[in-house]
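Take a look at the structures listed below.
In what comes next, chain A is part of two complexes: it sits with chain B in the first one and with chain C in the second one.
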Partner chain A sequence: MSDESAILSIRGLDTSYGRIPMLRDVNIEVLRGQVCCVLGANGAGKTTLVKAILNIVKADKGSMSMSGEDISTWPTHRRVQAGIALSASAAGSFQKMSVDTNLKMGAYYIKDTKLLEERLAEIYRSFPVLRERLQQKAGTLSGGERTMLAIARAVINKPRLLILDEPSLGLAPIMVEEVFNIVKQLALQQMSILLVEQNAVKALSVASTGYVIQKGAIVFCGSVQDLAKSEFMDNPVM
Partner chain B sequence: MEMFAGLLVSALLLGCTYTLIAVGFSLFFGVMDVVVFCCGDIAIFGAFSIMGAYVVLMSAGLFNTLPFIVCVALLLLIGALFCATLGLVAYRFSIKPFSHSSELMPLLSTIALGTVIKEVLGLMFMPAVNASASAFGGEAALKVVSGRNPQGFPELLFPNGGVNLRYVTIICVTVLLLLLLFIFLNKTKMGLSMQAVSQNKELSMMTGINVSRTIVVTFIIGGVMLAIGGFLVGSYQKIMSFDNGAMYGAKGFSAAVVGGLRNTWGAVIGGMLLAFVEVFVAGYVANGAAYAGVVAFVVVVIFIIFKPEGIIGEKTVEKV
Partner chain C sequence: MKLKRTIPSIFKLPEPILIVLCNILIFGLAFAMLRLSYQYSLACVAITIAVLLLMDIKGYINHLFSLYIRHKKIAFFSALLCLLVLPILLAGLRYESHIAIMALIYAMVCLGLNFQMGSTNMVNFAPAAFMGIGAYSMAVVTVKLGASAWLGLGMALVLCAFAGLLIGLPTLRTKGYYLSLVTMALQLAFTQMIKNIASVGGPNGISDIKAFSIAGHSLYKSYTLPLLGKVAPHFFYLYFCSILLIVLIYVALRIYVSRYGLALNTIAQDEIAANCLGVDVSRQKLLAFVLGGLFCGVGGALYAGLTSFVGPNDFTFSRSLVYICMVILGGMDNPLGVVVGAFLLTVVMEKLREFADYAQLVYALLLVIILIVRPSGLIPKRVRDYCALFNRRPQQEIEEK
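What follows is the complex of A and B.
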C-alpha cells in the first residue's frame, strides 16, 4: 500500500547502537504537501529516527520508500540528492566557513551556477538575518542565527521532503516564534515537512498529522486534532 | 651578514622539506581525526621509489632518448603514484578498520605500518630495483648494492646549473605546490568537501557530501604531497637512508602541531618555524648543532602547553 500520496513511508524500522536496540518497529508516513510531526521527550529516539531516514544510522530491519520508490539500500548522499533535506541545529555548522559558503555547501548538488545565485537570493530574502552576516564565520553566529542557517541550508535545495530536527532547541521564546513562522511559510508553499519536536504546542500548531515516540517506539499515530485530545498532551512540553 | 643570508637560505630549504610532510599530517588528521604516524615513512618511500625508478629508466636508456625534463616529470609521476597508493593502503588497512574502536588503535597501527614500510625499503629495495632494471634494460646501468646502505639521491634539479639554481627550484616547487593545494581546497567542490568533512563530519553527511569518497581522495592527494616532499628531501640532502622516515615524520608532526593540527596553513608556518629555530640555533649558538633538534622540540612543547590550538588555529566552541 505504498501509495503515491506518501512522499516518505517507513515500515517496520529497527535500529540499534551497538547491541542496544533503539528504534523498534517504527512505521511513519509523511503525506505530500503536508506537515507531519513526531513528538517525543529527550532521548526518545527522534534524532536517531531522522538519521535513519538518511541512512546515517543504519537500519537493522524495515524498509523505506520515497514516492513509492524503495530507497532502503541507498547511501546517504544519494538520498540527499533525491531530495531529502535534513536541518538539525544540534548538528552545528561548518564553523570556519562563512555563512555564504555554508549555504553553498547545503546546495551541494545544484550544479547550475545561475540557479544557485537565484536560490541564494531567495534565501536572503526569506532570511534577512543571514544576509547581514554573509561573510561572517558560522562559528561566531548566535543560537538563533545558527538555527536560521541550519534551516536555510536545507531549504535552499527546495527539497521534496524537508526534515526539521528540533528547530526550537535552545532558543528564546521570541526566536521560537520566528522559527515557527518560517515553518508556517514553508507549509503554505506546500512543502512536505517532517517536523521533529519536543515542543508539542508549537508543533501541533503547524502540523496536520502527528506521531508520538517513546523509548524508540511509536505510541500514537493520528490527526493533530486527536493528538491534541489525547493523554500525551497532559504534559505539552514532552 | 653573509652568514645570516646563508642560514636564511638553509632554513627556508629545510622548512620546505618539513612543510610538505606537515601538510600531509594535517590533511589526514582533518578528515579522519587520526594522527597518521607513518607520513614520514611514506615520504621516504616516495623518495626511494624515485631513486629506484631512476635506475630503471637509466637501464632502459630512456634518459638518452627522452628530454631530461620529461624523464624528471616521469619520475615524479611514478613517485606520486607509489605514495598515493601507499596513502590508500594506509587508509584502507591501518586506519579504516579501526575507525570505530579506541583512538589509540589507528595510532598504533599507523606506527606499525611505518615500520613495515621502512623494513620493506631496507629489504626489498635492492632486489626489486635490480630485477626491474635488468628486466627493462637487459643489464642494469647502475647496480643498487643494499637497501640498508645510504643511497645517493640522483641530481634531477638542474644538474648542470649549480647549487643555487637547485635551491631556488626547491623553494619554487614548494610554493607552487602549496598554491595549487590552496586553490584546490578553496575553489573546487572536492576541496571544499575536504574542509567540510574536517570541520563537521556528521553535518557533511547530512549535506549529502560523499564522505567516504572525500576521505579516499584526501589520502590520494596527501600521498602525492608526501611524494613531492620526499623528493625535495632527497634533492636537498642528496643522501637518503631507508630509516629516515621516523625523523622526518617526527619533524612533520611537530610542525603540524605547532600550526594547529587541522590547519593546512598552520602546517606551513609550523614547518618554517621549526626549520628556522633549528638552523639558527645551530648557526649562532656555540656547539649549537648538538642542541638544534632539542631546542626545536622545546618550541613544540611550549606550543602544546600555551597554544594547543596552534599558531593560527582559532578556538571556536559551538554552543548548542
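What follows is the complex of A and C.
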C-alpha cells in the first residue's frame, strides 16, 4: 500500500497510561474513500487508538501521517483543522448549549458565513431529526438523537477522515439501524471513515477493510470478506 | 411556538416605547439607590433583587432581552441618554458621584473577571492583583516618572496584559481547584510584594497621582458650569468612566457572541470535546486571562486616578473575593448581569457604612441569603444564541428557502 492512497497511516504506534502499556506496535492504514473498521472487545484499546490519532493520548513511539504528510508532532486542534473529525462518546456534545450552537461549534473554523449556511442546510437535509430540535439544549436529547448530533457535528466540516468511535453504544436496535444507514450514506459519498466498533456484524456490513484489536495489539488485518470467515467472528464477546 | 410566554397586558405598549420606559426605570432606580439615605436605598436594592428574581421565574427577562436585541438601536441610544443625564442629576453631590464612579470601575473589573470565571469556568482569585498592577503602573508613571495619566493608562494596559499572560501560563497545566489555588497564591504574593518594595512606597503606597486631563483641563476638578453652577469634581470623571465602561461592555458583548466567546464556553463545558472540534485550548485560556487582565487594568488605572492614592490595602485578597461575589450575584457569563451585580453590591457596601462595625456581618448575611435563594445569579446566563446580537441569523434564511 502506498502512502498516496492512504488518507491516514499509522506505523508502530505505542501508547501507555502511566507505566501500564496500552497499545503495542499498531499499524493501521485508512484508504481514501473507504470505510475501515477496527473491531475489538471491551478494554482492547479501541478508544485509546482513537485518542492517540487525535493526540488526546500522547503516543510513546511510532509515526502517523495524513496523505503522506507527517502529523506525529501536531497538537490536537491542528490535526482537526487538517481534516480529522471525531464523533465519540469521549468528546460528547455540549449539553448546556442548544443543538444549533453545537452544530455551529462543529464548524468552528469555517469563518465564511455563507459557507456555514450552506453546510447547515445540508446537515438539516440529512439529519431531519435534529432540525426539529434546533433550539433545544443538547442535554435533553435522547441517546439516539445525541449520537446523530455527534455525527452531524463531525461531518459538517466535510472532513478528510471521519472517525466514528462506537456509534452504536447504548442505543436501541432500531436506532443502531438508523445510525448505520447514515454511515452507509456517508460511505456512498466517498468519505473516508475509520469505524471503531464492538458490534461486528453491523460494522462489517458497511466496511471494506477490517482490523481486529486484542489486548492492545492488532491481530488481524485484511478485507472484510476474509474477516467474516476468520475465527475472530466466532468469538461471542465481539 | 408553544414555548412563547404570554405577555401581561401592561406590556402591550408599542415595543420602542416600552424599551425607553424600561431604560428610564432602570436608571431611575440606580439614581434612587445612590441618592436616598441608607434605609430607603437598601430597600430599593432588596425590591430590585426581588423583582429581578420574579421576572426571571416568569420568563420576562428573556422576553425583555429579545426585545432589546430586536430594537438594539433604540435601546442603546435611550440607555446612553439616561447615562448622560445621570451625572447631571448627581452634579453637586460628591459622595453619590463617588459611589457611582466606584460602581463603574468595579463593573469593569468584574467584566474582566467574567472572561475567566463566567465564560471559561476558571475561578480566578486574583482580580484585585490585576487591578493593583493597573493602579500601580498608573501611579509609578505619573508620580515617579512625571509623565501624563494617559501614558499611565497605556502602561497599565501593557503591564496587565503581560501579567495576564504570566498568570495564564502556569494555569494551563492546572484545572479546577488547583487553578484557583495558583491564582490565590499569586494574589497573596502580589500584596506581600507591593508591601516590601520600597520604591513603590511599601505599605505607605503612592500618593498625589495625577488625574486624567484633556487639553490641559483636568477631568477631576471642580468647574463652574453655566446652568449647573459649581459641580463636584467627580462630574467629568463620571462621564469619562461611563464612556469607558460603555466601550468595555461593547467589547465584552462582542467577544461573548463571537467565535472566541463560544470557544471559551465550550472549554468550560468539555475541554476534550472543544479540542476535538479544533479549538486551541491553551491559546483560548491565555486569551481569557489577557483580556481579563486588560479590563482589570483599565479599572485599576481609573481607580488610581480617582483616589489619587494607591496602597497595598486596596488590592488585597478580600477585595478579590468582593469582585467574585459581584460576578456570582450578577450572573456568571452574562456581561450585563455582571454590571448589575457590581452596581448593586457597591451600593450595598457603601450604604452599609451606617452599620459601622456590623457592616461586614450584614454584607456576608446578604450574600449567604442570595446564594441560597439564587445560586445562578440575578440575571443568569441564557442558553447561548450564537450570532444573535450582532450578526444576522443564518438560520432564519435557511428556513425561508
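Keep in mind that, in the parts below, the second predicted complex is superposed on the first by the 231 of 238 C-alpha atoms of A that agree within 3 Å, B and C clash if a C-alpha of one lies under 4 Å from a C-alpha of the other, contacts with A are read in each partner's own complex, and residues count from 1 in each chain.
What we mean here is this: a residue touches a chain if its C-beta (ideal position, glycine included) is under 8 Å from a C-beta of that chain, and two chains touch if they have at least 3 such contacts.
Keep in mind it's a predicted model, so treat the numbers as computed, not measured.
Visitor: Chain B versus chain C on the shared chain A, clash or fit?
Guide: clash
Visitor: Quick check for you: in the superposed arrangement, does A:Asn199 touch first (chain B), second (chain C), both or neither?
Guide: In the superposition, A:Asn199 contacts neither chain B nor chain C.
Visitor: First (chain B), second (chain C), both or neither: which does A:Leu169 touch?
Guide: first
Visitor: Should A:Gly143 be classified as contacting the first partner (chain B), the second (chain C), both, or neither?
Guide: In the superposition, A:Gly143 touches chain B alone.
Visitor: For A:Ser89, select first, second, both or neither according to whether it touches chain B, chain C, the two together, or no partner.
Guide: In the superposition, A:Ser89 contacts chain B only.
Visitor: So in the superposed three-chain picture, is A:Leu134 touching just chain B, just chain C, both, or none of them (first/second/both/neither)?
Guide: The answer is second: A:Leu134 touches chain C but not chain B.
Visitor: Which partner does A:Thr209 reach: the first (chain B), the second (chain C), both, or neither?
Guide: Touch partners of A:Thr209: none, neither chain B nor chain C.
Visitor: Contact-wise, after the overlay, does A:Ala121 reach chain B, chain C, both or neither (first, second, both, neither)?
Guide: second
Visitor: Does chain B (first) or chain C (second) touch A:Ser98, or do both, or does neither?
Guide: Only chain C is touched by A:Ser98; chain B is not.
Visitor: Kindly classify A:Thr113 by the partners it touches after superposition: chain B alone (first), chain C alone (second), both, or neither?
Guide: Once the two structures are laid over each other on A, A:Thr113 reaches chain C alone.
Visitor: Which residues of chain A are in contact with chain B in one complex and with chain C in the other?
Guide: Residues 54, 56, 75-77, 80-81, 86, 88, 90-97, 101, 104-106, 108-109, 137, 153 of chain A touch both chain B and chain C.
Visitor: Quick one: in the complex, what on chain B touches chain A?
Guide: Contact set of chain B toward chain A: 189, 192-193, 195-196, 199-200, 202-203, 205-211, 314, 316, 318-320.
Visitor: Using the touch definition from the top, list the residues of chain A that touch chain C in their complex.
Guide: 54, 56, 75-77, 80-81, 86, 88, 90-98, 100-101, 104-106, 108-109, 111, 113, 116-117, 120-121, 124, 134-135, 137, 153
Visitor: Mind pulling up the chain C residues that touch chain A in the complex?
Guide: My answer: residues 259, 262-263, 265-266, 269-270, 272-273, 275-281, 383-387, 391, 394-395, 397-398, 401.
Visitor: Which positions of chain A touch chain B when the two form their complex?
Guide: So the residues of chain A touching chain B come out as 54, 56, 75-77, 79-81, 86, 88-97, 101, 104-106, 108-109, 137, 139-140, 143, 146, 153, 169-170.
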